[in-house]
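Paired with chain B in one complex and with chain C in the other, chain A is shared by the two complexes that follow.
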Partner chain A sequence: MNKKIPNFIFTNQFGLLCLVLIFIVIFSTVTDGFTSRFNIFALSRVIAIDIMIGLAMMVVILTGGLNLALGAIGVCAAMFGGWCMEVLEIPIIPSILLMLGMGSFLGWINGFITVKTGVHSFIVTLATMSIYFGFMTMLTEAEAFRRLPELFTDFGSAKLFNKYISPLLLVSVATCFVLFYVFRFTDIGRKLIAAGANPEAAELSGISVNTMFIYCHILSGFLGALAAILLTTRIGAAIPSMAGQLGMDWLLPAFLAPVIGGTLLSGGKLSVFGTMLGAVLVTLLTNGLYLLDVGEFWIRFFLGIILLMAVLLDRTREYFTLRKVIVS
Partner chain B sequence: MATLFKKDWFGLLIVVIVSGLAIAAVKPAFLSHFNLYVLMVSTSYMLIIALAQMIIIAIGQMNLSVGAIGGLVAISFSGLMEVHQISVPVAVLIGLVIGMMCGFLNGYITAKSGISAFIITLATLYIFKGINLGITEAEPFYNIPETVKNFGNAKLGNTPIPFLIVIPIIITFLMWVFMNRTETGRHMLAYGNSVQSAELIGISSSKVVITAHVISGFLAATAGILVVCRLQLGTPNIGDSWLLPSFAAPVIGGAILAGGKVDVIATALGVLIVVIISQALVIFKIDPFFVQIFLGVMILIAVLVNRYREYKQEALRKIFNSE
Partner chain C sequence: MSEFCLEISSANKSFPGVKALDQASFRLRKGSIHALLGENGAGKSTLIKIITGVHKQDSGKLFINGKEETLNNPNDATKFGISVVHQERNLIRRFSVGENLMLNNLPKTALGLIDYDEITIKSKKWLEMMDLDIDPKTVVSELTVAKMQLCEIAKALSLRAKILLLDEPTSSLSPQESENLFALLKKIVRDEGVSIVFVSHKLEEVFNICDDVTVLRDGENACTSEDIKNLDRQKLVRLMIGRDEQIVKSARKIENAKDIILALKNVKTELGHKNIDLELNRSEIIGLYGLVGAGRTELMKCLIGQDKITDGDVIVNGKKVTINSPKTALEKFKIGYISEDRKKEGLILIHNVLDNTSITVWSQIRKAFGFVTDGMIANKVDSYIRQLEVKTTIKLSVNFKFIWR
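== the complex of A and B ==
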């Protein structure tokens, strides 16, 4: 009984939770309006999307790879959904399913090429990023879909819990719980982790590592599409530039959340709730810096610094835990 | 001549010549003075961008911040001249030093922390870009001195050869000498091939990593300055679109991303292929967005070809071993 509590205190998640609380206290005393209803609502919408983007990258980092095409997949799914709803007038639920299917399919392409060629996913997804994004711009002629069904866009502006929280956040938190359950308690989840941690050992114990890696890429595409759906309902339109040039604007939040949350870049170790807390921390910091009048141009600078500090701190933590193990 | 056939880059040379001739046969305008000029101008800075990435690929890492360094140097260079009235040579020098400092930062953190260069350069990408936007507030510098503008427009005599390409050619030559004929260059390849064996034979890993990143920063800075000469203004978005081409050329040139196998000539030919075909798409009036798709497809094809060659070599080795 006594042993369990200290164990939790030494985890990464606990440190993150403390950091989140500390920053909430700092920002709510230093800035005006941090705890205002409007700001908390806005925060909950941004956090929802950042969590989803972080999870989408996390499942690929699990394989020891990465997915540069994540933003491009998201934008493709969003534009595809916009086309389905606005031009083809497909009802909302089937459209959403089609978007998720689109994301999963693009993720499958990434996974398939990576596994079949044996080339690092960095270079594969770098190539597919420009292919997906290029096709998307060509097919849509860079035009946005702005007349989406009202029911769809209303979801993004709905307010729950005394108008404090957006339903988008509930979707993301629910996704976290599902993923946590899958990775912790299901056969397939354990296999995915095993394949990422030690591919050779996994292969020898009868797990098809290639299939597992393809599953991870499909899941990444699926979650990327989910993030795009949330973003589309928030903006109220499907816009080709919603994730920046080539979808690269998603890259920083995508890596920040899992890396801060304790997912190993070499693969084989992930933390769903760490990623969630990482996304919360990053969004809080960004929001707080805006309220402190840092100016939007310097925000990127600080986010870069935060990422750097996060990986360096993680390194130090690893070093000390390792030393403790060796000493004891 | 026989040794020429055996070179890795010989196939690429054939591709360059054949594709050039084929395009010229269909569209004679491809060989017009103006088109050759445009071709060489884009080759000039693409060449340096590709080399900036190539040297990092050589040590088995990647540098996402090449474009951000180039952009930061471009706006520092033009800002120093416009706002602080600093003379051109001094501004060039300061620009290059900034680039090398950025590279040093990348290399130092990567070497000392042992964290993958991908994540470090992703962080510094945002740091450099943030400084860039923080200084300029997204406003370009328009008042570039006439000497710089003239340099960007100058041609060698009556030929369509832009003056801009002279520097990249010299740098490519120096890089070839560096990678093939100097101890540090060979050490880099050894390090990229196998970090452990390199350390065992006494190569200092931090020295190799930091040197490679400093050179990469220097090259990115040079590219940034050349783009300012070419555009005749310093905009904060210089470098934003460099990531894809910087990887495309070395990969098409056959660099293995695991490190240890890069070839300066092959990379240069990779640049030529990318430039020629992008230009051809423009001449054939194909949708500009197609160029993007095309670059992606080219990378995938190059990767597959490299993979196939490796596979064949391996099969060959197996045959010899069994005998």
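== the complex of A and C ==
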């Protein structure tokens, strides 16, 4: 009898899934309260936001670039939404659409400048990060919007499934499925990936690479705004420092999730569910270490080490993907 | 000491899905010029990469001066005096000729700073040895392509290279420049005791300067280190392609001799073409001839809208048109471009065969909401993949595995 091992056993995602399960087992045995209803609920809210941040960075890494302004875009969208709801008293749904529009617009600016100048997105988004954040602070005078509609903040504290899971997680998982569909089953998704993998070849094959890259940046801004919406409903207010100075607190989780998940830093290969699992893994680790009374700074230390290891993995992965195909 | 300065015996090298070298052997006599021939994909590049330490053979032995050696990386090869002159030149264009020549061995002053006078003196010595009249202070980018190539050979010699690999050195040279190169190669073989491996597609050159010939076909030896005197052109071609050479008489006939589907009139481009005229009839094949650097590729890229045509007319099917991007060229006018640079501009190496072959048709076969599956794609491109005998390990159109992306 020739039993065939299913292919997905050998994928990066399966490895990640095993790691996640191993950590769940470890943390639930060595810590108190890891499996408590309260902790799982808290975890699900954090995971939801980390997944979204990871996806937002992933779609720009796809182009071989990066988006340092992601956090700044998120905070700008949140503050804009807070202003819309609190000062202009615009209803929730239109406000959310406006926030998403704001995120997309700021992403478009990143993409437009990157494509038109040919400067690497590292420099462009480093500049826009400062510009967006500075502009936002100036307009809001660093004041938070704390009187948001109750319905809006209720969503962030709502509990589903016997009060274990936050609806925020459902939004993130649904977003994963939509992105998976786009990248796997649509022509535009395939074109985005092709443009990221080899811009010259894609261009000569009739793909408008510049347009594709701008789409990626718009999508990144959109997802960044979505992450900001989730975060705003979670903390119940739009606060300028919600993502740290210049929005930089988002950057570590933003890079960790996709890079651990198998998205190639040089572009052209991504994994939506890998990013999801990457975010889950990172959040689990952080949470578990907190419960073990490991200090905040040590956790940052560990996350940095993990990012470096993931990048190393990325290099070897790139080496092997290329080696497999260079024949002549 | 052995009479061979480099010997490879029964080397095998496989890549996933392809056996690049199958028991390939090769012997380079000291002080000889050895031609390495074969069609594209016959394994020449792989063999060269093994000799230069880029790849390691799966099995088989490599002898240098009669001693078995292992080359783990290109540095090892350099240590044994093996140097390769690539089609793509390995010079730093913004540096001077002298700096390039001395790059691996820069002379220093007492203070540890670079001694530029010494660079000039030392590099002059190598240039003079090759009868090259180039000022070492010239910046490389100002040289002609032929001179750059000669500089690169000078650089290889300055590294005490005893085995020199030349990969299609004449592809960018004019006949006169090629003659000069050959004279020089003969000189360094005679005076410096260098042995040369010469890869070329031009058989006249091979008969002109080579002593021995090795021919590869599908990764196997069609002949190993044969004396060129025992071969003639016809025999050589038979070895390369495995059958007699047939001049294909064109069976196509142009029904309507004046059915011009594409014409360029007095075209000027931003890349410097001037007054270009061209007429292409239906079912016709037109060859664009010229040396590397003459602007053939560039003209085609302007035609498909990658670079701009600044003046003159482009006429497709009798109508004057403007093509502003490869996308327009392909989708609106059905003009496709296939690059000579397969790895950089042609293929997406990290994607599979299916994605690569179908990249141009995704927009055509999509359904509502841009829906496209691998199955739909396979149906579309499968027959072409078969017709063109693309060697692939993927089974197409049968039972597609759900691939996580």
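Keep in mind that, in the parts below, the second predicted complex is superposed on the first by the 306 of 328 C-alpha atoms of A that agree within 3 Å, B and C clash if a C-alpha of one lies under 4 Å from a C-alpha of the other, contacts with A are read in each partner's own complex, and residues count from 1 in each chain.
Here is the rule we use: a residue touches a chain if its C-beta (ideal position, glycine included) is under 8 Å from a C-beta of that chain, and two chains touch if they have at least 3 such contacts.
Note that the coordinates shown come from a computational prediction; the quantities given were computed from them, not determined experimentally.
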item	value
Simultaneous placement of chain C and chain B on chain A, clash or fit	fit
Touching partner for A:198 - first (chain B), second (chain C), both, neither	second
Partner chain in contact with A:123 - chain B first, chain C second, else both or neither	first
Contacts of A:88 with chain B and chain C, given as first, second, both or neither	neither
Angle at the Cα centre of chain A, taken between the Cα centres of chain B and chain C once the superposition is applied, in steps of 10 degrees	70
Partner chain(s) touched by A:190 [first = chain B, second = chain C, both, neither]	second
Which of chain B and chain C A:273 touches, first, second, both or neither	second
Shortest span in Å between Cα atoms of chain B and of chain C, once chain A is used as the common reference	5
Chain B and chain C footprints on chain A, overlapping residues	none
Sites on chain A touched by chain B in the complex	66, 113, 117-120, 122-124, 126-131, 133-135, 137-138, 245-246, 248, 251-252, 255, 259, 265, 295, 297-305, 307-308, 311-312, 315
Touching residues on chain A, where the partner in the complex is chain C	7-8, 11, 13, 180, 183-191, 193-194, 197-198, 200-208, 264, 268-274, 318, 321-322, 324-328
Residue ranges of chain B touching chain A (in the complex, touch as defined)	62, 109, 113-116, 118-120, 122-131, 133-134, 137-138, 240-241, 243-244, 247, 251, 257-258, 287, 289-297, 299-300, 303-304, 307
Chain A contact footprint on chain C (complex, rising order)	15-18, 20, 40-41, 45-46, 304, 306, 325-327, 329-331, 337, 339, 343-351, 355, 359-360, 362-363, 366, 369-373, 401, 404-405
